[in-house]
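Structures for review follow.
Note that subunit A is present in both complexes that follow, paired respectively with subunit B and with subunit C.
Then we have the complex of A and B:
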């Protein structure tokens, strides 16, 4: 019977050659750029230098070498950062959902800032503040030889970088808890504290677990921060890079990558299926209205102070980088200079142009591909759909470093000799960016009545016309957020592409890393500042495009009751690793 | 407008369920809908009516059989090239287009010149009182207006066949009655073939030339509303359309025009509607209005429930162990029987109907 079903589906597809072509192309490209490279690292990790099968590398790692230290270090770090971030995020999110405090919008914006910023900003600021010449350590506290490099530094910068992810998850969850439940509890005589402990907190446990695990994966996969501020505290993503590029030990690099991939996928699966199914809160996408906000009281004031302090910290960290870029030699010669920019514009121009060009090429590809895959997953049935769904879903759990090493292993010889070309970098950009696009596309499509598309077909439109005339306009918000995400991701990408840059194509992030490694923090800051400026300009331009061509139909509908506040807040989907 | 007939020959739809078992959603449906006819597919949810409609539209592949529009076999014609338009249950208006753009959408795809599109759309807006809403967005309209836009969008295409998928189920009761009349009036006016799906029997009764009652993927009966109600062919049809009491019995004698049936409670003589033989096990279908309650008579029963409903008095009587529903129209001025009263039943011979027990 299964066979006849498959035949039936094939027949149906054969009648729609365009759809068939699209499906084949999508599956083929996912295979070439995701499945095949992962298979390659798996293979290489089991082959020793003389080309025979061996599990030496795994034995070497697990028997307690420096490589094992990297793995345990990463897990310890991820655990600490996950816990701290979740606690901070819960405090923040609770304040948002339950209290009336001033500057709410501002806090919200600040809280999500690290999500879209280049991976170095916070590390650089941490060095500027707490490094050997750090403003706080040296100038304020008068410490000589203060050491921010290592575990403490990593905890600080990763927590600041990743708590926004936890915040987005928790804020969404807390907002969707029906106030009626808490009112019911109070109505039955429970105090506010009792209500929190026995209703609100238990209801938010799935969200807490979710937030923790997301941050956990991020921290594990993080490359930029350990490279800049890790010091002697080796972590796994960094070690993979050092093994592969530094000592050219591909087998060690690959097996470490396999172990990292294994951990992230397990954690992702736990997060997705185990925690996901445990949610008590029905997420309708609509905010539950009418929660009575806490307007005053000591608790509110404490929370307000915490939020303010945290926001000020984030602002400080961001403000320091541009400031640092104009200072001659931070901590030693604090005079104003434009030298760093002169340097960047003379020597680093190529990296800027390359990054921008490649990102601009990757953005529409990733944006459109994400929507097409989402459309196929939600609306079409075909052979291999389950696999397509799995691959595109799990690809979100592939750490950049793993993808990077997989790509150099897979694309260094014919017929896919792409190493050193622009296409391999673009492919890496696209693969890193589409999971988020697919997810937001799937969510958007699931909310659209399929009969709208049927109506279009019924009135004579073909697939292409229906997709571009009806589907795409309807999921435009998801499409545009996918574009923005792709652009931001590509501009700030490092972990995967660091393996793929060449003399022909250099990237800003890689240049920043080089500058940091040689201690030229001023130049690194200048690069970062330029990167941020380019991104802001590009995002403003994209927003302008949206308002010009977007013509979002929802805005024309005064009758539609929507909570504009919620609409504007980014969903957890805009977050990924 | 060139209206077309619709013919279904042995149409079957099968699919595999989660456990890979073969399920017949629709099996062996034979159906002929004439040009200009208003035909309704009626049945409970899951009976295959919507699947049948979607196969006609081309949204579902057929597993077997043939579908014809007029003389043309449309099995292999993709849905976007079939000469039929559909009014969807959810209306499926394009939310990002104005009312005008929605209605003009199909014509634009046909590459009709702009002036002609405007002329056609204006004409249909005139007929359907939509002119003033032309530039509005769909969800600035009320439910009834949205419904009319959906209808206008389908009608403006001048299709060979017009399909309706439970179009009134999202409207409130009053509006539903209004739209019912409007759809029927428009359909008659343009003389288009219409296939209409509903689970609401009163909708089917009031609008259709032909009612097709479906159950479990099969056609139970095809007929005019009167035939379906008065001469149901199966117990399912009798039960689904309106309220029916069933008396089980055996045929004891057959003449040219009448059949005599012995039930547990009594012997009844009924108009012959099928080939019955002596000894056949049958059901007598007794509609609640086919029973009259009297103070005297032969067939004694006890009132077990009596509810005043305004227009009618609804009673339930115990007739020799069988509970029968009885409705009495406008009991004002006459005696109202209450719970516990003893009454005598009188059956209206012409209102009784016999079906074979299968």
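Then we have the complex of A and C:
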């Protein structure tokens, strides 16, 4: 049965040359921008400084030096952060999808807030709040020798930075779970807890696994936070930077990168194996009623309190950034000043314009590409599909520093002489952003019964029309979160592009890093505040576009009106900013 | 309707794939553009700058004003510039490397990444601040200093440290911050200096071993210890005096700057021409300019208080005078050659013991 279906798909493919072209182009670009650079890095890891083949670097790492410690440290950290972030994200997402709580829109916005800021800003706030002179540790608690540097600080900062990614994945998923199953469970006498444990939770397992995987990998590849707040807790991404940039030892750096990739692939395969064979179809195209929200009860109150506390924490961390941008020197001279903005607007203009332009170009490419790949992965069978899926997810596991160096190594010669152009930065933006888009697309598609699409093709629509007419509208929330994610990631990308910036194209994050390093926290905060404002304005605009587009769409396709879920539930982003 | 949809889809796809593939065609045409510029002596110069951002921008402005030559520039740390130049070896993107410690330049010379050029302007510069073969020439010099937090000193009833041994006082346990020698040129200069001050590698490492328990953390960036002392996160930091002065200027007036009397090391910030530069003539003009007084006096206008290598240039008023302090005999060539071995040894015998 399955085999004949695959043959059928192949035949359909042959009849649809556009789809075939798309598959070939997608595979080709992934090959050029992910596989080939990785191959280059892999090659370098086996070549010593005199240009001969050697495995010395691997021996050096695995024989138990500081480099091995860095690897194990990173794994411990990523495991903790991944678990914590997923739990927090699930709590938030569940509350939004199942309960009527006050300030829902506000909570939603706050939950996504940490995404829109360069991560090491949270580290700086953490130092200001919990450091030795920290507002909380010293002024409120009266602690003398508080130590925020190290594992604890990293857990705090990374969880705050990365749980929104998990939230975006889980929010989309929980919203698309059909209430019919849960209602059936309750009608048959199951308690709310039982319903949750036996219906809702199992249905959300693919989302949980995806969310965990994304955070886990982000934590492994994070470079900004360990650099600011890691103290003596060495992590692998930072160690790669130290080896490649500090000790000029590219071989050791790339060997470490290869080991990191290996770990990520193993985790990915485990996740795939665990979730891969289950079916989670709940959107069938048949009409269902809207979900009855939990209006009161102790559970709702507890969740409300948890969300409030978490939101307050996030707000506290973020409030420091705009406040700091108007303060002369935090903790030393707390008088009001506009100097930092004068500096930014006189010297930082080019970086702001460049960052914005390049991100705007990268966003639709990454968003669309992510959905197309997700669609291909979930719905189509063709040769090389597994590889496509694997490769498209790989890019998130490559530490930015390594990706940057790999890009210069790979795209420095004709016919791919891209160094110094805008294209190379855009390519890096896209490659860094698509995994999240793909994951949320895949998660959303797994929930949708393919029979809707089959109906479309049976009625004579071709694959592309089906994709744009049926699939994309159905996974609109996932598509939109893909767009938001790529815009935001591009605006705040740091380690990947630090080697790709050129005299012609400079980026804000590189300027911020420079300012942080030279201790000008005020200027760095001013840059960040501007960055955040730009992003909020852009997201509001994006949101407006989406609602216009969505409105038109429903008029043309009255069929979808039977789907109350798609209309009644706003997308998480449409209410957020 | 169907037709329109298809056309629209094809359009979007072509557009996205063109851009996603990095638009080889536009990349190519840009390439041609820069080649054309290459044949024109009045083209643009591309410079990788290792200075602070505001200093870098101001310097480029001054250069264009003085010579009429347009410049594209990007600011990075010394190690990043080296990594970038190395990666771009087969297709150099920049012409000049301006600023950054001389030992990174020495590493670049070893890998044949630089072009030798003996500028006529370099004659006035002391031999110890330039490469004998002309691969790099010093533009500024910065000595190492101790940064201590005023409140910390008062609380412990200490005077600001004036000798390296002072840092071994029990009061400094867990209070000292310095960068990791593997990641920071500053920290490597500290390591090398200690070996010279204590008269040999064995004695020097003995001291470093005693210093290790006093150190709270090894940061990635060389100047970060100054910020941490200023914010009260640590009692004392080891970094370049001009960076300490810069922090004081930023408003951290609780930082006390002292220079070790028993000897201190220094870095030489250099300038060099990148091998394969398509603008060799303009690059030479840039080097000539960077050694002159106009270029060297830019720094003090933007809060960079390094000592200058051109004796005719007006030294920043706030800078520590090199003549007033006891500097060690710092040999960038030796420091560069011994770098990997010494850092490995430090990692094994001190950091991971």
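Criterion: the second predicted complex is superposed on the first by the 312 of 577 C-alpha atoms of A that agree within 3 Å, B and C clash if a C-alpha of one lies under 4 Å from a C-alpha of the other, contacts with A are read in each partner's own complex, and residues count from 1 in each chain.
The rule is short, and it goes like this: contacts are C-beta pairs under 8 Å (C-beta built on N, C-alpha and C of every residue); 3 or more make two chains touch, one makes a residue touch a chain.
These numbers come from a predicted model, not from an experiment.
Asker: If you stack the two complexes on chain A, which partner ends up touching A:465: first (subunit B), second (subunit C), both, or neither?
Answerer: both
Asker: Touch check for A:32: first (subunit B), second (subunit C), both, or neither?
Answerer: It touches subunit C, and subunit B stays clear.
Asker: Looking at subunit A, does subunit C or subunit B touch more of its residues?
Answerer: C
Asker: If you stack the two complexes on chain A, which partner ends up touching A:418: first (subunit B), second (subunit C), both, or neither?
Answerer: second
Asker: Once the shared chain is lined up, is A:198 touching subunit B (first), subunit C (second), both, or neither of them?
Answerer: Neither partner.
Asker: Between subunit B and subunit C, whom does A:100 touch in the aligned arrangement: first, second, both, or neither?
Answerer: neither
Asker: Considering only the touch criterion stated at the top, classify A:547 as touching first (subunit B), second (subunit C), both, or neither.
Answerer: Neither subunit B nor subunit C is touched by A:547.
Asker: With both complexes superposed on chain A, which partner does A:48 reach: first (subunit B), second (subunit C), both or neither?
Answerer: In the superposition, A:48 contacts neither subunit B nor subunit C.
Asker: With the two complexes superposed on chain A, say which partner A:447 touches: subunit B (first), subunit C (second), both, or neither.
Answerer: In the superposition, A:447 contacts neither subunit B nor subunit C.
Asker: State which residues of subunit A lie in both footprints, the one left by subunit B and the one left by subunit C.
Answerer: Residues 465, which sit in both footprints.
Asker: Enumerate the contact residues on subunit C facing subunit A in the complex.
Answerer: 2, 5-6, 9-10, 12-13, 16-17, 19-24, 26-28, 30-31, 46-47, 52-54, 57, 72-77, 79-80, 82-84, 86-88, 90-91, 93-94, 107, 180, 182-184, 216-218, 220-221, 223-224, 226-227, 230-234, 243, 246-247, 250-254, 340, 343, 347, 351-352
Asker: Quick one: which bits of subunit A touch subunit C in the complex? Just the residue numbers, please.
Answerer: For this pair, the touching residues of subunit A are 18, 22, 25, 28-29, 32-33, 65-66, 127, 131-133, 149, 227, 231-232, 238, 241-250, 328-333, 343, 347, 361, 364-365, 368-369, 405, 408-409, 411-421, 423-424, 426-427, 430, 464-465, 468-469, 498-499, 501-504, 506, 510-511, 514-515, 517-521.
Asker: Sort out for me which residues of subunit B touch subunit A in the complex.
Answerer: 15-16, 20-22, 57, 59, 61, 63, 76, 78-81, 84-86, 88-90, 92-97, 105-106, 109-110, 137, 139-140, 153, 157
Asker: Could you please specify the touching residues of subunit A with respect to subunit B in the complex?
Answerer: Its residues touching subunit B are 1-2, 5, 8, 12, 15-16, 449, 451-452, 454-462, 465, 470, 473-474, 551, 553, 556-560.
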